[in-house]
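Take a look at these structures.
First chain A sits with chain B, and in the next complex the same chain sits with chain C.
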Partner chain A sequence: MTATVKYDEVEAGQEIPARDFPVSRLSLVMYAGASGDFNVIHWNERIAKSVGLPDVIAHGMFTMAQGGRFVTDWAGDPGAVVDYGVRFSAPVVVPDDDQGAVITISGVVEEKLGDNKVVVALKAYSGDSRVLSKARAVVKLA
Partner chain B sequence: MALNRDFIGRKFPPSEPYEVSRVKIREFAAAIGDDNPIYRDREAAKAAGHPDVIAPPTFPIVFSMNSAAAVLADPDLGLNFAMVVHGEQRFEYTRPIHAGDVLSSSSEVVEIRSVGRNEFLTLRSEVRDEAGELVCTAFNTIVERGGAA
Partner chain C sequence: MTTVSDGDLEALAERLIAEGEVRGEPAADPVNLPMIRHWVDAMGDTNPIYTDPVFAAAGVHGEIVAPPAMAQVWTMPGPRGGKTTRSTVDDLLAAVNAAGYTGVVATNCEQTYHRYARLGDLLTPATRLTSMIGPKLTALGQGYFVTWNVTWYDADGEPVTEMLFRVLKFRPRTRGESGNGAASREAAATAAREAASRPAAPGATAQAEGGGPAKGSAGPGSGGGRRPYPLKPAKNQDTEFFWEGVAAGELRIQRCGDCGALRHPPGPMCLACRSTATGYTVAAGTGEVYSYVVHHHPPVPGRETPFVVAVVALPEGVRVVGNVVDCAPEDVGIGLPVRVTFQAMDDELTLPMWTPLDEPAGGTR
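Entry: the complex of A and B
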């Protein structure tokens, strides 16, 4: 594995700048097809509202995948991720308009472990909602 | 309705092997909006030390719970799918998944608990390659809203 970030050049507490990840209804249709998760609350506004949701919501795994992109783009090699877990704390509501929604993700190197591994803690927001909590990845750096 | 606690510890036999293809990895990467060449270009993947294109970290969700799906639908469990949301997800990776892998997953219900009015069910799934080596362990917690009321 060839992560491009070097363990020796990373400090605990180091921040990884925030990035915006857009999500549209098209994103959800593509994700449904690629993942095989066809739960109607991810594409049918009528049924989403009938079960008490404000609108169609993104698949939790779509949001988790954006956190994955954030970490792997930083680390340089997706194969460097050795552990990744999240709690889905609020839904990402995706309106049927030209803008869709935006997931804003930022990170911090929370801890340096042995064997060139670091813990990256993520924050993910959509608007004012914190959509992931307890989001952490362990990455093996160069 | 509360979930049937008799299902705690229930194991599901391994799924039919899942063959990881370059086309499926490319489709999944496109769906998550990730243009990393390591998911698409064999040469880029090889340059990074991988035998072929590798899959994004969340890719195992595509197949890792196949063996559990039928049991979650068992009426004796009492799960109302209309009220289910995804609560937590975690993957522990032994190595990256790459195109050409033939993987089977076996799942076990490791926990069922009530939190407030909701029921939480956690599945642990082991993904193994053809040699029987562990590739990834997935922990999937689903929440049945209002199930404990």
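Entry: the complex of A and C
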């Protein structure tokens, strides 16, 4: 995978470049099966719209997990995430077309803690919507 | 419909919270490679630490581990349920539904990973109902924030992962009985019940996350066939650019075509140089509450009282009047940092409003 990020080489304020994570209806069907979360609003357009949603929306835990993966890939050590919390601030709307949606995630090293841990603040957008807010991960670096 | 009062709910919540942590049944299967493979496939995550034993052996864990975000997956009951043990969260959510708070959106999830789960770990969840706060007026309607914590223990009784999960259970806003309002409300209630039946299971988490107020279910007359919002803004040649901006998701501020001074509300002539040449700039969309009132009375068509009307000072130097939403009126104060949010009032009208920039835990956005 990526090179391991070293605690001593990281500074508060350091930015982690944005990455795009595509989400299609296929992703949601696969995630429903893999996660055991079959809530209809994640695959049934008719019911999603009937409850006032614009269309089928991605599982919040899917979006959250992509944020975790973003941090993990950056740290280069999948054993590194210690704490991770988010607020679900807007849905990721996934239209039934060839493109689907894109979740764009970027981060910044907000604070260096002791014991080789750093706090990474994440931003996640889908289009103009901020889909995660107050998203922070505590990561233990090498 | 309402057979359980708010008082009953609060008494029940207190009793259930006092029960503390309640153990659920162990996962149907131990942590295993096929389930990991399905999950990382869905995520598009190709990190071999989760699937390649040779690669993983050389890594920090020395063996394959499960992605930490799979925490709740191991004990999800699946669409057929099959759960036999009761949980305090199930009990409370059932009562909250019975009290008419049938809508649900997930608002928060926090996870702590004591260690990454390894192949063969048999995880057992224990769920603790933590709090029920409300009723609060939110952009989605009146509701309670219900929070619970789940800890997954390994076979030795050591915690592997902890999770806090919070949902807003809200009473879907009532609409007129005309058109398909009643039908769609019933559909909404059905889907909401279905959704609400899921998170209660220990570890069963995600449902209508982020049903953000601007995205549909919030506006008066949400759902299919929205009821037209009764109050329409006056649009004229001076303000047309502003409303076109709103429709495009921009907060536009009029700017003098000659001296460049900004002014709001829009008008025909520059107050600084008397020029009638006009243009506009797009505001950053942030500001802070300069002053505000909480409107309790009289009733306003299409709105639920109380609501906040604020004068918001923009960094660009002008002040804009608008509602502050997504938080309780008592959480609004002078100096509160806010950002603009575009609220769909019906199928055609969108209004710019303001939402706390850094909402306290327990908001809906």
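By definition in this document, the second predicted complex is superposed on the first by the 139 of 142 C-alpha atoms of A that agree within 3 Å, B and C clash if a C-alpha of one lies under 4 Å from a C-alpha of the other, contacts with A are read in each partner's own complex, and residues count from 1 in each chain.
In this text, a contact is a pair of C-beta atoms (placed from the backbone, for glycine too) under 8 Å apart; a residue touches a chain by one contact, two chains touch by 3 or more.
Bear in mind the structure is a predicted one, so any value in this text is a computation, not a measurement.
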Chain A as common anchor, with chain B and chain C clashing or fitting: clash
More chain A residues in contact - chain B or chain C: C
Which of chain B and chain C A:49 touches, first, second, both or neither: second
First (chain B), second (chain C), both or neither touched by A:97: neither
First, second, both or neither for A:11, with chain B first and chain C second: neither
Chain B versus chain C as contact partner of A:115, first or second or both or neither: neither
Offending stretch of chain C which, after superposing on A, collides with chain B (from 26-34, 278-286 or 332-340): 26-34
Contact residues common to both interfaces of chain A (with chain B and with chain C): 1, 21-22, 27, 30-31, 33-37, 51, 59-62, 64-66, 68-69, 72-73, 77-79, 81-88, 91, 134
Of all residues in chain A, those that touch chain C in their complex: 1, 21-22, 27, 30-31, 33-42, 47, 49-54, 57, 59-66, 68-69, 72-73, 77-79, 81-93, 128-129, 131, 133-134
Residues of chain B defined as touching chain A within the complex: 24, 27-28, 30-34, 36, 38-39, 48-50, 54, 56-58, 61-62, 82-83, 85-93, 95-96, 139
Interfacial residue positions of chain C with respect to chain A in the complex: 35, 38-39, 41-45, 47-50, 59-61, 65, 67-70, 72-73, 76-79, 105-113, 116, 164, 184, 187-188, 191-192, 194-195, 198, 204-212, 214-218, 222-224, 249, 358-359, 361, 363, 365
Residue numbers on chain A that touch chain B, as the complex places them: 1-2, 21-22, 27, 30-31, 33-37, 51, 59-62, 64-66, 68-69, 71-73, 77-79, 81-88, 91, 134, 137
